Amino acid sequence: MSKIKNIGVLTSGGDAPGMNAAIRAVVRASLYHELKVTGILRGYDGLINADFIPMDGKSVANIIQRGGTVLKTARCDAFRTKEGRAKAYDNLKKSEIDALVVIGGDGTFTGANVFAQEYDFPIVGLPGTIDNDLMGTDLTIGYDTAINTVVNAVDRIRDTAESHDRLFIVEVMGRDSGLIALRSGIGVGAEAIMIPEAKTAVSDLIKRIENGRKDKASKIIVVAEGDEAGGAYNVGKALEKKFPNYDIRISVLGHIQRGGKPTCMDRVLASRLGVAAVEGLLEGKAGVMAGQVNKEIIFTPFAGAIKHINAEQITPAWLKLAEILSM
Amino acid sequence: MSKIKNIGVLTSGGDAPGMNAAIRAVVRASLYHELKVTGILRGYDGLINADFIPMDGKSVANIIQRGGTVLKTARCDAFRTKEGRAKAYDNLKKSEIDALVVIGGDGTFTGANVFAQEYDFPIVGLPGTIDNDLMGTDLTIGYDTAINTVVNAVDRIRDTAESHDRLFIVEVMGRDSGLIALRSGIGVGAEAIMIPEAKTAVSDLIKRIENGRKDKASKIIVVAEGDEAGGAYNVGKALEKKFPNYDIRISVLGHIQRGGKPTCMDRVLASRLGVAAVEGLLEGKAGVMAGQVNKEIIFTPFAGAIKHINAEQITPAWLKLAEILSM
Amino acid sequence: MSKIKNIGVLTSGGDAPGMNAAIRAVVRASLYHELKVTGILRGYDGLINADFIPMDGKSVANIIQRGGTVLKTARCDAFRTKEGRAKAYDNLKKSEIDALVVIGGDGTFTGANVFAQEYDFPIVGLPGTIDNDLMGTDLTIGYDTAINTVVNAVDRIRDTAESHDRLFIVEVMGRDSGLIALRSGIGVGAEAIMIPEAKTAVSDLIKRIENGRKDKASKIIVVAEGDEAGGAYNVGKALEKKFPNYDIRISVLGHIQRGGKPTCMDRVLASRLGVAAVEGLLEGKAGVMAGQVNKEIIFTPFAGAIKHINAEQITPAWLKLAEILSM
Amino acid sequence: MSKIKNIGVLTSGGDAPGMNAAIRAVVRASLYHELKVTGILRGYDGLINADFIPMDGKSVANIIQRGGTVLKTARCDAFRTKEGRAKAYDNLKKSEIDALVVIGGDGTFTGANVFAQEYDFPIVGLPGTIDNDLMGTDLTIGYDTAINTVVNAVDRIRDTAESHDRLFIVEVMGRDSGLIALRSGIGVGAEAIMIPEAKTAVSDLIKRIENGRKDKASKIIVVAEGDEAGGAYNVGKALEKKFPNYDIRISVLGHIQRGGKPTCMDRVLASRLGVAAVEGLLEGKAGVMAGQVNKEIIFTPFAGAIKHINAEQITPAWLKLAEILSM
């Protein structure tokens, strides 16, 4: 392994709050260790097009509190082709970038994994996604902000639900994972939470509503977009048929869940992992994602990180907890 | 006119932030003037069903900062019938309530107007609606909070738009009025604002996008739900056809716009108007809405308040302003 | 009057939320009218040191939502001297800047007034200060954000006050003006509000507390820093002496009141006034502040704007309102 | 051990966001397990004065999102006396309360420990304090909200610091523990963080400022109130002497750090621990605090929880991290 002198950093996939804090930490840690650091614009797209900018302390001043990513992000089909990756490698060589930090989710790591093996190129990944659906880290960068955004939005909806004695079905992000729905659902005191990891028949939901407190007409049901019942609109239709006298409303939170100032937790996590990525590269780590598990930094091979079996976090105990609290 | 000794207060129609501050002010002002004050639950429904609760200082403690309405609200068909109103009048007589403060929007005032004339009953209305679509007041209670909610939501969406170079079409409330769209659109720095009061052909919108800054790919278009182009999804379809390479996303903000802690402005407006309503009743005002125009309290007959020609606030000058700023 | 081709813009005095929105509007309006526009850094300091940067659409992209001022600000002693102003004039001539928009408060306008007369130089001012203490505008840019910041901070303090049955004395900004205290005090439902414009003897305050609701132990008193009673600590000492058994706490909100994302209202006001300033200059306005009074744009000579007699906004009626609401 | 049929719940010590979510969870879990549940007002004070209220589902409706504590809290000297505790025990017996959940910090648990041993009374504690200074839990209820409050406040201050090129010294809570300062300091991107656990000589701080980036004049220094340098004012005086030309400002955040809506994390933690406390009591747990360590629920004897050696969380690695990031 040749000594690393210039680290490239990019963000890829959907943007997540805290990505800027992670970029800042990668830059600061590189400077601290007297390395050069290069920003790569628009994810793998920028690798292929040599869209590179040199970075220093000033480039990352006053960005820790900003949502989105100053390096911009994109999904990139060309990087899935051999030609695309060859071009990317050429550009890295030409610019004398000898290691990468890639910040993103499973798509990002899948690409990184192929490239790292193909060219024996040192890459450390950082988990930057609001979905918290990666193995090898208790929390992904952006998740804590996203669940707070959901909670604040549903608190507002609760005002209307209470005032009108309405039932609201709120759809939150999570195509494959119910973690946003589960935590935010507990956080808003939802009367029911529907997630892909737990089969909740709509008939059970109906029974639950029938058995609920008679003195409380307003209800909030949180549904992950990937729930097998088919999202908020489908759940709404089923309930309307069963409860024609209920005043049922649907709210799909949508894109507001991605943006916003990161929470303190996301900033600290991103900062810590950003430094760990640089120091990991210096110690010879490669082909791995840096994560935080039980308060410690650990490195997980890309293939392990994207396995998507976050069973630890959606246990029967958590589902039971949600049930007890929604009585 | 017999002397007023007991004022009833109700909220009706869609809930709006600041309604609680208005209720509190009505209660406090009534106590200050040594009147009894009675809360009526669920709007006109509660009038018809005699759903009354006596109120004192404690009933309204610590509610000034809460969204929604502690008196609850509903839309009520029965109050549109002669029988319903007769029942309501009987209940008021039985409970010795001799004046009403009704907080709501045009539906609320339409009902109040009929009832006030039918029974010669003193009623003062307060403009409680996020739409700001009433004559006789520069601002309705809830509007300022709603536009801030929109602005905060779109700021989040802007993070994603910037990070991905996307065009977002954001639909905000306003079936008949574009005031929420216009002010919040200026507030977020939208590239275009589409409102029912101004015919923006989609072809003009397309021209505008084509002529926009080349160095800025991300764009925000704010559309009022009542715009003649048919809401965000229709605008989106037209743009997608014209710009197949653009990454266009739709966000319908929906119900989050109604709730939340009221802003300082809404709390102060609601407090001031609540006191004015009580003092107005004591001075013999009836069949009118209390509003604030050019910093002064004025009273406008219900029929005038619901005329919906808020021409003063959506002038050509404001539309020109939006255009200049979106360059 | 020679035709204006290049407008300089600066911010001066204490920073206020919305200054960036105002800068953006000045730049956009200048570009719209095909003028050059030059940013002047650090207020009058930058004038004297020729710290100028050319501005275009990109310079002001994505700043409408940011607190502070991208042009930076400073208080500048040198501009009070004839030599300083001579240097400033020379720099303007050399850079062919032929008009100025200055954004700030009374100190800013005092300087602008002298300079404008001395050199017959066209200047339009924009009211940028959280204090709302200028004549010729109903609202200054930053005020609405500041009172919301205060309200949000005191809402937090209210949680503790309620939980512990404590009396909190909260000091807010306002050396000469009680407008922040008055509006935010009404907004938080304060039990008493102490401002320089109204002499509230501490003995009256004590009487009021003694006569207050017996069932409500927690209280919030909002004090403007410039109140003649001498700020929160002095009020606290007097009350502690009188009520030894009370649990009294002091909170001085301080610098958090200046910063933060501007509210929608402040962004719209700043945007509208920024455009008005540029168009005013083009129409030959000079030596005036652009303000908004009763929804209309008006221009007030600098000398009139800084008179500080905002009697219209702190009337006996407002003080009475505060008293009624705090029962 | 007799079977538990009626659980008393109280909050004691300083209020913390999330206490209401914890109370709600204790009530819901009790109802789920078909137990009676009794609210005890004002902490141990209410125990001694038999200030008890029966609680049901409705008592805790719509409180999960509210700061403070609906059961109120107080510090209570009488509970430190044998007589006080005897009275408390009598009241519990009379009201047939046969177990307690106490929510608070080390003072609360010290009292609970004595009482539990004296009367062999089953008590489970929940860590409710913003300081995060208890052993046996990674996070205390309220800490996550508090650090976000600090971060949001300092973000505002940063706006002013940037605009004026100022150095701000911000004092945050933490008499014995620097955890609030450390995490929030990293979160705001502070140039230096001063905490009781790490001796930072002011001379080192001066050296650091002298060696800092020359192109960045604005700086934020976060100081824990318990730092050995003596709080923000003392640090400020030392720096002013050394850097007479610097524009140095002090901000003591104070009481706003305690209140506010709890974050999602605090609501979920409080909910989970509240259920765990009830289920722990039913399984025979007593004299212990329920905490969350490495994602698992664990129970720690009171004596162990209040040891205050949270060495795990302020390690040299964290201090190094803060240093690297503040370059």
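We just call them A, B, C and D in the order they show up, numbering each chain from 1.
We take it that contacts are C-beta pairs under 8 Å (C-beta built on N, C-alpha and C of every residue); 3 or more make two chains touch, one makes a residue touch a chain.
To keep track of the chains, here are their UniProt names: A, B, C, D = ATP-dependent 6-phosphofructokinase.
These numbers were taken from a predicted model, which means no experiment stands behind them.
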item	value
Least step count from chain B to chain D, where 1 means the two chains touch	2
Recurring contact interface, reference B-C, options A-B, C-D or A-D [over half identical by residue number]	A-D
Between chain A and chain D, centroid-to-centroid distance (C-alpha), Å	28
Geometric centre distance via CA averages, chain D-chain C, whole Å	36
Where chain B touches two or more other chains, by residue	155, 158, 162
Pairs of chains satisfying the touch condition	A-B, A-D, B-C, C-D
Of all residues in chain C, those that touch chain D in their complex	11, 14-15, 17, 19, 42, 66-69, 72-74, 149, 153, 155-160, 162-165, 168, 249, 251-256, 258-260
Interface residues, chain C side, partner chain B - complex	24-25, 28-29, 31-32, 57-58, 61-62, 64-65, 138, 144, 147-148, 150-152, 155, 158, 162, 183-184, 186-189, 213, 215-216, 261, 263-265, 267-268, 271-272, 275, 294-295, 312-313, 321, 324-325, 327
